[in-house]
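Chain IDs A, B, C, D, E and F follow the sequence of writing; residue 1 opens each chain.
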Amino acid sequence: MTRYDVVALGESMMRLTPPGDLRIEQTRTFDIWVGGTESNTAVGLSRLGLDVAWFSRLPASPLGRYISNRVAQYGVDTSHVVWAQDERLGIYFHEKAQPPRDSEIIYDRRDSAMSRMQSADLPRDLFRSDRSRLFHITGITLAISDAARDTAREAMRLAKAAGWRVSFDTNYRSKLWTGAEAAEACDHAMSLADLILCPYGDYQVMYGDAAPEEALEDLAARFPGTLIVMTLGKEGAQAITSGGNRIRQPAILAGEVGRIGGGDAFAAGFIYAWLQEGDAAVALKWGAAVSALKYTIPGDLPLVDPEAAAALVAGGAGGGLIR
Amino acid sequence: MTRYDVVALGESMMRLTPPGDLRIEQTRTFDIWVGGTESNTAVGLSRLGLDVAWFSRLPASPLGRYISNRVAQYGVDTSHVVWAQDERLGIYFHEKAQPPRDSEIIYDRRDSAMSRMQSADLPRDLFRSDRSRLFHITGITLAISDAARDTAREAMRLAKAAGWRVSFDTNYRSKLWTGAEAAEACDHAMSLADLILCPYGDYQVMYGDAAPEEALEDLAARFPGTLIVMTLGKEGAQAITSGGNRIRQPAILAGEVGRIGGGDAFAAGFIYAWLQEGDAAVALKWGAAVSALKYTIPGDLPLVDPEAAAALVAGGAGGGLIR
Amino acid sequence: MTRYDVVALGESMMRLTPPGDLRIEQTRTFDIWVGGTESNTAVGLSRLGLDVAWFSRLPASPLGRYISNRVAQYGVDTSHVVWAQDERLGIYFHEKAQPPRDSEIIYDRRDSAMSRMQSADLPRDLFRSDRSRLFHITGITLAISDAARDTAREAMRLAKAAGWRVSFDTNYRSKLWTGAEAAEACDHAMSLADLILCPYGDYQVMYGDAAPEEALEDLAARFPGTLIVMTLGKEGAQAITSGGNRIRQPAILAGEVGRIGGGDAFAAGFIYAWLQEGDAAVALKWGAAVSALKYTIPGDLPLVDPEAAAALVAGGAGGGLIR
Amino acid sequence: MTRYDVVALGESMMRLTPPGDLRIEQTRTFDIWVGGTESNTAVGLSRLGLDVAWFSRLPASPLGRYISNRVAQYGVDTSHVVWAQDERLGIYFHEKAQPPRDSEIIYDRRDSAMSRMQSADLPRDLFRSDRSRLFHITGITLAISDAARDTAREAMRLAKAAGWRVSFDTNYRSKLWTGAEAAEACDHAMSLADLILCPYGDYQVMYGDAAPEEALEDLAARFPGTLIVMTLGKEGAQAITSGGNRIRQPAILAGEVGRIGGGDAFAAGFIYAWLQEGDAAVALKWGAAVSALKYTIPGDLPLVDPEAAAALVAGGAGGGLIR
Amino acid sequence: MTRYDVVALGESMMRLTPPGDLRIEQTRTFDIWVGGTESNTAVGLSRLGLDVAWFSRLPASPLGRYISNRVAQYGVDTSHVVWAQDERLGIYFHEKAQPPRDSEIIYDRRDSAMSRMQSADLPRDLFRSDRSRLFHITGITLAISDAARDTAREAMRLAKAAGWRVSFDTNYRSKLWTGAEAAEACDHAMSLADLILCPYGDYQVMYGDAAPEEALEDLAARFPGTLIVMTLGKEGAQAITSGGNRIRQPAILAGEVGRIGGGDAFAAGFIYAWLQEGDAAVALKWGAAVSALKYTIPGDLPLVDPEAAAALVAGGAGGGLIR
Amino acid sequence: MTRYDVVALGESMMRLTPPGDLRIEQTRTFDIWVGGTESNTAVGLSRLGLDVAWFSRLPASPLGRYISNRVAQYGVDTSHVVWAQDERLGIYFHEKAQPPRDSEIIYDRRDSAMSRMQSADLPRDLFRSDRSRLFHITGITLAISDAARDTAREAMRLAKAAGWRVSFDTNYRSKLWTGAEAAEACDHAMSLADLILCPYGDYQVMYGDAAPEEALEDLAARFPGTLIVMTLGKEGAQAITSGGNRIRQPAILAGEVGRIGGGDAFAAGFIYAWLQEGDAAVALKWGAAVSALKYTIPGDLPLVDPEAAAALVAGGAGGGLIR
């Protein structure tokens, strides 16, 4: 019976992207990537050295296996995936653009196998006290369907009951729900969490305008005794510990190759260091470092080398050519 | 007001195929093709020189435009396409295999924009006596949803009312419905048609085992006075005219590059010659020639040159290198 | 009989470009693009919603059809193209370079089918008062051959006679003629035009050094009562209306993916808004917006979304990731 | 503590192949495949549903991880891989050719990390009676170096001592050693094996000319009481059971896409059925089926679907298009 | 001063081909090949071990250098190429097709730099007795322009005057001239040649129908005392020596990857062995072997290995996988 | 007997690089480049118009020919290459990264054919006074093996004895040896050189910290009467002539496409101008210009146009689009 450091649950999709700078209408081929916020974070945690399981509900088809294979390849345990007959895989199309053109994401994820996951699908024997230290989930799983939301809530309850810590990333998506809907669902989830990750922009759309510091304080007031981390984009990140300490971390500049998944990489870096070192300030550094490295990597998955992240955490500059 | 020779209605999808002989699980890219039985035939008819319009219901998005652009590129009028907000495009995945492995198609077309087309979406002013000579539709449009079936039936009625001829290809798909379901819906459609195209295999699954000649006779008995064409794969094709003449046409052997769309190419060749020359025997030759040429062309669309088809119809062998 | 908003005439070529940053000597493949100044503008106008026809003289071959298909794909009517037997298609090779290396264009367009177009090839029944609102042509068509120049002049005369407006873009190319030759030929064309588009650099090579403002005033003096637009590169654009108003428009910065065709995109944006709104200041904004969007799009064609252009015209910043 | 059905040990290399039919001197890119006889068989066994571990000695670098990731992706446990600092990965170049040109393999595997594996590197706690049912290894591991041969022998001894069955495939490679050298080393290995797989060609080069039946009888005489399987290329395969029964199995014809790894796929099919069903005749059928399916799949790994293999075993013909 | 075995003169072009089986209208990229009958043969001779120079007239541009680089890469001396300012490179487009569709070649070679080569451009100091053993040229150089024909004739005269042997391949191209035109020009060239290579099909189009044997006898009568080789496609080849001996050689079957250049490869094999061994029967074997190997190699150039050719000449079957 | 301007000796390897920004673990293909410091410089010198020979010891295989072909293609004489049976080619893997991630090079060059080159392999008849003007070699050849170091030293002695000038570039590689080792071996080599090229970073690692000016003075003191050039990265370069003149040259900024080989390109530019013009200040300008142009070119080879370099030397800015 394998023991994990982290267990994560959520949807992972096939991302289809035109190569280079082509518009969708111009392309004759799609590059295929695998992406989903929780699986992205799971892969990051595995690459950093933790034992990680991620599961989801996937169609029993080459498409579903495509997702599972790619996640498993980087060391994540996918043996708890629930395989569904005759269902579809969530897909998203991504058209990358240089300014002043907007990059665009077209979701085609409605009625995916994961959106139909039921609480009964949860692997009960996995949620035992000795099988993991932390459960990770995000607001996207709450957003995709009523069934997935119920399942996510039940999973969080099971994890709490097993004595695991719970981390929750709000991960607001305007194409999935409104700020008001998100706020309602996330409020409940955050009340169950030991670690809340909430981008500043998510706060604003869910709770309204506020300066970054006010936003953080407001979350701390809403969810007292919880470790709260708020990413601020180019401004870095800030946190308030369960004990009430305020910490700030500047961002680490990075050449932008793969913006998608940067937040999930931050979560991986933060959770890794928080679990291993228990220090939120150090964890913020790891979040910034893993996120910066992710920006240089194509695709959704944070295929970072732990040595490279550690060097950045230690203050290294990087960017050279070693030969 | 443009006048067409042929108007066709049906779903056209994005086909995603791994390059070369890769399995889906192995590929990192998909080649993108555009395919749909009626649009395939429409493109073939346009390449042969007719004025053709094809329409469908497509999402108002880069994905929907992808379909429309590719069809329009080859000269087909797409101005009657009905654009739908916030709907999805039908997709299908195709994994090509050498024997003894089966090639596989994975449909992801449920709830596509076309499957939600209503009779009310039909462009009424198009269905006027002076705007076309023939309306073409297939059993797939009957199969994909109740709404599409109702729409297809209404369109056939409108075409008949306008005095156009109607051609109907059964085009059975085992992943969409059963033989019994197909038989019920196609019976009605065939009763409205002036030209029935029915592959021998379709007959068998819909009406049960019979020798090819018996099958043709049975259809002639069911739909008397109708021109009935039955393709027989490597055995060629046979037909029975509205006047009761029996005709046979051997197949033309072809290097197999693009099997998909071969039947639609046959339909294009047949309809073209039937409209232009009014002779079913000549039309069978054109069907065989256009279908053979299609087998040598990647993708779903029969991008045949009329001169090449005419040369085969005239008995040429082809396959040389002209320099 | 279709009615157009804009009719354009000119050469469109096959552009062959090494992928990525490869030099021609390094490449094993060429990416194929379709480009020609008038067809570029025609596609832009069609994408913005106008009814547009473009025609040219093209070889009746797969190469000629390649051009026509790609232009038709984006909604431009190509039914007036003149097909020529046994002639060649204009080709150009493009080697993109980072500074301090020059990007290079190698024309191989001599004796192209279009360069041999005669006045007699012009579709006379197209040039009727009720079939279009504007005729667009550029200096390149004057430059490529005597025959093309005569044809262009006759087309402008026919368009004027039909009561259409005429727009003319000087589009100087140093590899096709000298400044003095261009000045002589363009003088005549500009005297027929209702709208003159003249890049500042073109002015300098044709008429000699002058400050931008002086250059604009000089053109206004030469062609009184004509709307004159002068693009200034990174400095934006300026115009003087037929009524003598001076207007300036700053450039909109853009990530440079596809520099080629930026001027043609500006023309598309300007002509679109000028035809639809009749306000030169608004039209300058559209020119700047469509040109900036074009810079982010590979290839020669301005495949811009009207909504994206409208958002920039309205002052939006763009460049985000919408999900 | 995971329990496996099969544990395999051996070298897996990076295969570099020009795309399509290009010669090495012509190519500008290499396609990358992962291949090694034991890992090929391991992946096949995992795809068929068994719990499989494969291990090797790999460089602790992106190149070593490349191998491990690809094998893990298809469900094989790679947690026992021994990671080596500052060592190199075995590489091989493959130039595919149509007749009458020979396909060519250029090995660059000398001094690979695996060739330096020591007996001391073997994970002792893995070789326990309750952790696996069978150990699989081939003659290649004996051939690549003295160290690897010693390690292989020790591993076979450990497996026997743990009560596992041992399967051994001779897998002669003329570029690694002579027939005499192979015979000497394989004799010892075969004497330890419960299942011997020996291609007819290997027999000939090791023991001299003999008709296939004689060759099989000779092996049975040399290694009495052992299950011996001899593949015969297009002639299929023959076996003699430990109890002395002779069995023959014809080959299943297949379109040749990926010849490399066909023998390893046969081994996977045979071992799978032998372990699961215990019947050598059935196992020969599975060997033939999995091998035939492998021939249709690019790369070295037998990414077969168990349903497809079962259908062939049951006598299906395959090769259709299911839609 | 380098001494050559063979000097060849002729046009070499850039060949643009869609990848895979795509039609030109479908492709977004062209594969680039370098091809020209004399340079093809020159590369073959160089690969077989002779010292070879090839020259032509090429544009002084990246396109011209593209040709020269590719030919030089395989060891052919290109230092005698005549570089021309502001001229164009001959191009040809190749669309490969499976039967019953014809493969097609579209020449775009009119007014190429080579077609404007003058006798005065010939490097006089090259044509000296001690600098080569043989001069090779083909009918294509006679066909492309009057200037090239005059230059070719002068070069043949210079070669004869220097005491070199002259080989001439008729190489008829229906897109360049008629049979009658070819016959007139080739008659003169063949009267100067020591070795005539004439495909049977060329004979028929130039001199009329005759059985193969009659055709060969007729040529022998027209050009007495000359070594005459006639290739017969799948029927192999036949020759008549200067001394009147008749020889036949069957073809060696080959998987068809690159049909273009097969005849030039035959010429390379024949000339190589004739020069080195002086035996026409052996030379026919080498012609057949090098031609068969060329069929397995993409592109126009016969990148054969001398060992592989020698093995086929010695009667080997080839087609295995050596590992 | 050809006479060269420059003869160079050293290892050239196959470089394997993932396309675009992919990490090695992500890629399915490698782009293939050919690189080696001396062959890079040799190609640059050839492109600038000099007669250049480069030689090495290469495996007699398609891999060895790959290297030789690519170098020969750009006009470098490779006829002195020593071909070795059954040896391996040096390979290196290159993973390009955006900051803050380090780009990485993984050498796999141990035991390459070149590393086993012996003094006895040197082509003695090449090292004659009338066959070259300069011999070029770098510290890498000293570093790769004892045999190569001995061979390099012998070659330098032979070149000196023949009266050629000798240029030596330190080219320190931290993955091949330590600074102390390099200093010892390079001291000897520099004492034989007429021209020393030493990057400032190399100086520091070999001799310890010093300001750039001090470093240059120190080298001048160590190797009096020698022309010493020290590149300073973005700070340009400085030199001290054999007569003691100090010169500085700013760098020319360049878009970074191909950083690798920039130093070798500098050496090519410097040596070219030094040989042709004999002026170190002019040579520094050429070094800066060729190096800047190289930065814009993918791969290791400085495929610069002499006209472009001359324009930069003359003070041009470059970076435009000429059409």
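Side notes on the structure shown:
Keep this in mind: a contact is a pair of C-beta atoms (placed from the backbone, for glycine too) under 8 Å apart; a residue touches a chain by one contact, two chains touch by 3 or more.
Computed from a prediction, not measured in an experiment: that's the story for all the values here.
Considering the contact criterion stated above, the chains in touch with chain C and with chain E alike are B, F. Counted as hops between touching chains, the shortest connection from chain D to chain F is 1. For chain E, the chain with the farthest CA centroid is A. Farthest chain from chain F (centres taken as the mean of C-alpha atoms): B. The pairing of chain A with chain F is characterised as different-residue: of all residue numbers used at this interface, under half are used by both copies.
Among the pairs B-C and A-B, the greater number of C-beta contacts is found at A-B. For the pair chain E and chain F, the distance between C-alpha centroids works out to 39 Å.
Each chain gets a centre from the mean of its Cα atoms; for chain C and chain D, those two points are 62 Å apart. Averaging Cα coordinates per chain places chain A and chain C 46 Å apart.
The set of chain B residues touching two or more other chains comprises 23, 25, 28, 69, 104.
Shown here, the protein chains touch in an arrangement that is not a line, ring, star or fully connected set.
Chain pairs that touch, as defined above: A-B, A-C, A-D, A-F, B-C, B-D, B-E, C-E, C-F, D-E, D-F, E-F.
Residues 16, 19, 23-25, 27-32, 61-63, 65-66, 69, 88-89, 91, 93, 95, 104, 106, 108, 110-111 of chain E are the ones that touch chain C when the two sit in their complex. Per the touch definition, chain A reaches chain C in the complex via residues 20-23, 25-26, 97-105, 107, 173-175, 259-260. Residues 2, 69-70, 72-75 of chain A touch chain D in their complex.
Chain B meets chain E in the complex at residues 252-258, 292-293, 295-299, 303, 308, 312, 316-323.
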